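Each structure below is given as structure tokens.
Two complexes follow with chain A in common, the first pairing it with chain B and the second with chain C.
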Partner chain A sequence: MSVSALSLERPGWWRTAGLSAIIFTALLPAVPLVAEFVKTGGRLDALQGFIPILAKSLALNLAGGTVALVIGICLGLMHSFYSFSGAKIIRMLFLTPLCMPPLLLAQGIRYFEIKFLTGPAGMVYVTAIVTLPLVMLATITASSLLSSGQCLAARLAGGERCLLRYAARFVFPSALTTALMGTCIMLSCPGPAMALGVKVAISEILISFSALYDLNLAASQCLLMSGAALLTLLTALAISGKQPLQNLSVSTGSNHPRYHPQMSRLAFISSLAVLVLQLGVPATGLIVPAISVPDVAEIMNVISRTGANSLVYATGTASAATLSGTAAAFFMNKSARHRYFGTVSMLLIFSLPATLTALGYSAAGTISPPWTDFIFRSRAAVCLSQGLRLFPIPALLVLRALNSVPSSWAWAAEMQGISLGRYIAKIIIPVISGPVMAGFLVTALFSQADISTLLLLHPPGSQNLPLAILTIMANAPRALIAQLDLIYMALAIVLLMVIGHFRRGMNT
Partner chain B sequence: MKPSVRGFELKDIGICYSRKQIFKNLSVTISSDRNWAILGRSGSGKSTLLRILAGLEAPSQGTVLLNGKPVSKDARILVPPSKRQIAMVFQDLALWPNLTARENVMLGMRGDNSEKIALKTLETCGIAGLASKYPSQMSGGEQQRLALARALAARPDYLFLDEPFNGLDLEIKDSIIKSIKKLADDHNISTILVSHDPFEVLSLCTHAVVLEDGNIMEHGKIKTIMKEPKSGVMNMFKNYVDRLRITL
Partner chain C sequence: MIFKRTIIFSVLCFEAILFGCQGNNTQPEVVVYTSVDDIFSRPVAKRFEEQSGIKVRLVTDTEETKSTGLLNRLIAESARPVADVFWSGDPVRAAILKKRGISAPYHSPSAKGLPEEFSDPEGYWTAFSTRARVIIFNKLAFSYRKPPASVRDLTSPEYKGMACMANPLFGTTSMHAAALFQALGPVGAKQFFNDFAANGGKIVGSNGDVKDKVASGECILGITDTDDINVAMKEGLDTGFVFPDQDTIGTLLVPNCAVLIKGAPHENEAKKFIDYLLSPEVEEMLAASTAAQFPLRDNIPGPEQFPPLSDIKIMQVDYNLLADTLQKIMDGFLKEWVDANS
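Showing the complex of A and B:
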């Protein structure tokens, strides 16, 4: 069969092969770890002490996820159904913690100097504020699937209360899956535990690798933590059914919030209140110590030392993720079965601890010949490791855009004898360019937030800004740390604004 | 030797989706000197049949001949759609939203005078003034005319219309059908319309193929079929026309 615009509409073995290749490549770094684990029988004796710590970490993160689930559903529904002034800006600010290393938020909370928030409660707090935007996004996206007729029917049946109750039940599966996904992601985030002084599973893994130089033990611990994350997410998917996955991969409608005197006011006030807790507390915690004469020379020294590396890691990771994600979206696009299995696989890959792939790279590096160092012991290793974990973000954004393209566009092109190249260049690229750019920028931001991969894989002397902050955290003056954190926070907000310009094809 | 027919011949066509048989051993001739309607209930395979004729889908079995030459055979497309002298107006019109009206018409054209032909076709369809507008800036009727212009710019022998008038009010529908009829007569184009609206069918077509349960139930001149209809669809058409006569 000839290659034409219709090829994009046809099923084929190449879709299964392409999608499998990308998923296999993303999971490939875990293979040396599994091999090591099997070879040594899993070091079950050494894991005895790790299991209670993992259980504690999971419990703390689940508590944070639950708080985010409850608040996220309420706020998400408010933003879906009621309009109020400043809603767009508030929504964008809600997203900020998602694009920042949780370490910086934890530092803000620590500097806020409420004793209660420096221990495990602080961990719950950080998990909640990072997971909240994910739950909100899932709620807003899921509620956009409700037609205006359905909303009107609920309003006629029992007013706003009935609408909110009905909508909450409808969005719950999506919100639950997202909350548990956030929980899994935070499980492998070492920053908050280090800043708040809590012993958690990820810090134990890093100690095993970096302090005890026991890759075998770190691998066993990491695999156990990955198993816990997988079990958590699979439980969520089993409870929620197919709906959250369908919401993620199909192009949804848009919400039409309307003004309601009481509810709009309530939405505004509750949004502000949550925003104060979510962003205000850590930001204030950073601003207070930052108000002093800044050591400009030292700030410039840290930024100049890490700026180029940060840019290399961000663009490298985003390029790898966007290329593989866009390809995955094309492979998944035209078959419900591919979409389903692709989305499940990508959710699982995204929720796996970042340390899994990073340790896998390290393990592969130790058994590979020296000429492979440019892959396993370089900045490229960081970019590849992060890119292959973060590719689900651009993949889902592009998939949603591709789903909005009806088959008849390719049919019309075929009738007119338009070649595949011309069809892609003139019709498909304009449709996906917005989501591709948004995916690129989001993964660039997320790559900076993932400190554990950097910790394990960065070549000597090539830290990025968040890792530099983590390294000097213990000895540098608090003002310097706070000032650097605030600079990063400002950069994240600016980048979020830029991402807002590339929202074409995405509904939230 | 039997002379070849000008038009389409379908021989023992079969098609199935996910193990569900849509047609089995379907054979029919659609000559090029008539305006045809493909009729049938929802899900009877009307649009599938049109796509098989267009070459957008290959039949699982059987042969499609165009002017006596095989163009699709046993799950293979032998002649691609763009080489069959066919143009098509789709149910959702399939206009590309990021291109202007002129660009929508020109995208598939080659040659130096393609812009001239595109503008001329837009003029013929009565939307010359909208050449630089995007589809989203046009009304439903104007979008319909743009889809028609895009189809006619290819100078086809056959114009396929896949329920393109859905959602239009009677006045606009009537005006577009008149335009299609005039353009088809002027340029010697045969039309094949998929529809379940008696108004559209009786206004535009002289002959019909009626699909029922995966088979051709009736086939031929509409006037003749309506005298003694065998299929449910044609019975309803007859009742509609009778009721209209009585009412008027």
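Showing the complex of A and C:
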């Protein structure tokens, strides 16, 4: 007896079980740390000094998030409503900082040697340029929910200014949630603090881990930081209501930007200006020291040593993320309750510090029997740890594609006696293949930006390119570091253009 | 069409992962954790691979970037070690491993000719090539005045707000802090650190940052290592250096150490690697490299840019005791001092 295509449309216990299993697996590595935290009473005395530093970090990141929020909404609306030549390429370029380790961006800013941009101001700057593309994407996605009738009505009522004012109000909840998510992600990113010499919460955790050799204290601090990130995000969700989550998880209409003589020109000029600040400043900071005869042999040596590993980590992480994300999307689809619960959980998982799960994997590898080394002490550990953190990206992309499939198709398949397998092969896979591919490539790129997991879990002799840059940057000539950084930046841009090629996936 | 493409793409990815996660188990290998900078340690590992046919799996760490906490990784893995050898950039981490029961004694036949005073008498670590802690200064700023002669000059009102050092919780600066506690006594060392802070001294991220800030003129003097001085020379920066305290406590040496890990999965290969590390060839390589390290053997020529070790007054410290001192001040005075002043 074949299973009906309609089973994909019906509720069932398997949705709850499947979704819970994926979320539980993603959070499982944190269990040893939580247990340690509970066992020792959380080291409350030692954490007292950590709290002001955590507050300072939050303040710095929130400042960066606010800058990104303001600029991101403006730019996002410009790109939503006005067409201009090169808009697609500019949008892809805006995404570049998301695909680069923030350490490299901070390095570029540091090499730029403007005194104002070192220290805390530099931290705000890096947070802003990494969070900006997230806010922009959220704004574009949310504004696509506005119908052309609504836009026309706003235009008739008060021209372009009225449209932008109302649209800004409409997209604000989504943009705010995304800005705070970016803030939380940057909170656990050690790179900018290292490069710019700022004392922040994550650097304190590294001190506890690297200098004081106190895993227990590091775990307590890490959990406190995770708590702060969760609180920030939950507050944002409470303020914004359900709209941002709905925007994320349901299929939206598409934007219809149109040409407007003044506004299109303004959109183009403002995009270029922001792009200069976002990419131009760090890139120039890297280009200036890179102008020298390149040490081709050393560059090739680093790339050949790390190239295969970079590929393995990227494909492995992307495979783990795409598989679990696609499964999660199937479990969440067609059930508003599951969609809400799943989206909230996934956002929280995505915002947790990468260090949390990586430390958990490390602890589990130590107490587990040797036959588990394949999971805990190999490249697979890195791929699983990163993949189970990044799975919300493909999950949301696939979920939005699945939402675009009307229920009537499944009914038609049922009436025609088409089996579930055939329905999936002929209807569902063609619909989701674009988003799956886009999710795969985006997670592959994102995984390269996460150095923390690699630092803690990479097996001996298996560095990837960003980690190699990090380990040689202390004493290698500045020109070599800058040249490697630039090569990485160029690769990220090329890959982004490739992703842009999968337009079907990106549009959803 | 899309379906077929997806299937082909998935199969290719699966094969790439499968291939990537498999190791080549036929070649003998040794896993080396090292806190020596990647650009200095990797050529040595490569030369060993060429000579012995043993594959070296290197895990590098730079204390300057406060990265992996390699020592902590060794401690965490102690029940079932992954590493065979720890090539430490300083003897203090080696002493900590001994105290924690993570290292095993090994008296290498290659250690012949190396002075015994820098190594553990029980063979838990053997020292070879060394760096020195030096004062770096901006030549332009000191063109009309005498360069400083002692680390205590960093607290002089003459250099108010113009001196810097790396975060003393990390790397060689932490070892230097512990050495000052031993050489000056706790009262004298605390006085030095407090005076440094009161004089507007800056704490920067790493020894490399010290070099950069002094070269740019943001600070005019600081404390760093000889390898950073050599990088500054190679980059043509306008900086000079002084071996400090030649009339008093002497200059601190920071030798490399080879440590065999207890329960090493590849013990024979590990011993061969340690034998190689302690050979005169490696001391020569490290002296000639950008690391510009001083050979501990007196019959091997040192780096050209520095005077021979025999001409430098060396600070007398007990490295075993230094580990205890370091752990004590890390949790106490030093952590509080850094918290208060950074």
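Operating definition for what follows: the second predicted complex is superposed on the first by the 501 of 508 C-alpha atoms of A that agree within 3 Å, B and C clash if a C-alpha of one lies under 4 Å from a C-alpha of the other, contacts with A are read in each partner's own complex, and residues count from 1 in each chain.
We take it that a residue touches a chain if its C-beta (ideal position, glycine included) is under 8 Å from a C-beta of that chain, and two chains touch if they have at least 3 such contacts.
Quick caveat, the model's predicted, so the values are computed rather than measured.
Touch criterion met: A:L212 reaches chain C, while chain B stays clear of it. In the superposition on chain A, A:Q150 contacts neither chain B nor chain C.
Contact with both chain B and chain C is seen for A:P430 once the two complexes are overlaid on the shared chain. Residue contacts after overlaying the shared chain place A:G49 against chain C, while chain B stays out of touching range. Of the two partner chains placed by the overlay, only chain C lies in contact with A:S378; chain B stays clear of it.
Using the contact criterion defined above for the overlaid structures, shared-chain residue A:W411 touches chain B, although it does not reach chain C.
Chain A is touched at more residues by one of its partners, and among chain B and chain C that partner is C.
By the touch criterion defined above, A:T471 reaches chain C but does not reach chain B. Residue overlap on chain A between the chain B contacts of one complex and the chain C contacts of the other covers 430.
The part of chain A that touches chain B in the complex is made up of residues 1-2, 4, 6, 406, 408-409, 411-418, 422, 426-427, 430-431. Across the complex, chain A is touched by residues 51, 54, 56, 76-77, 80-83, 86-88, 90-94, 96, 98-99, 107-109, 150-151, 154 of chain B. Against chain C, the residues of chain A that register as touching in their complex are 49, 113, 190, 194-195, 197, 199, 203, 206-207, 209-213, 215, 308-309, 311-312, 315-316, 318-319, 362-363, 365-367, 370, 374, 377-380, 383, 425, 429-430, 433-434, 436-437, 440, 455-456, 458-462, 468, 470-478. By the touch rule above, chain C contacts chain A in their complex via residues 2-3, 5-6, 9-10, 13-14, 16-17, 19-21, 31-33, 37-40, 55-69, 71-73, 75-77, 79-80, 82-83, 96, 169-170, 174, 204-209, 216, 227-228, 231, 234-235, 290-291, 330-331, 335, 339, 342.
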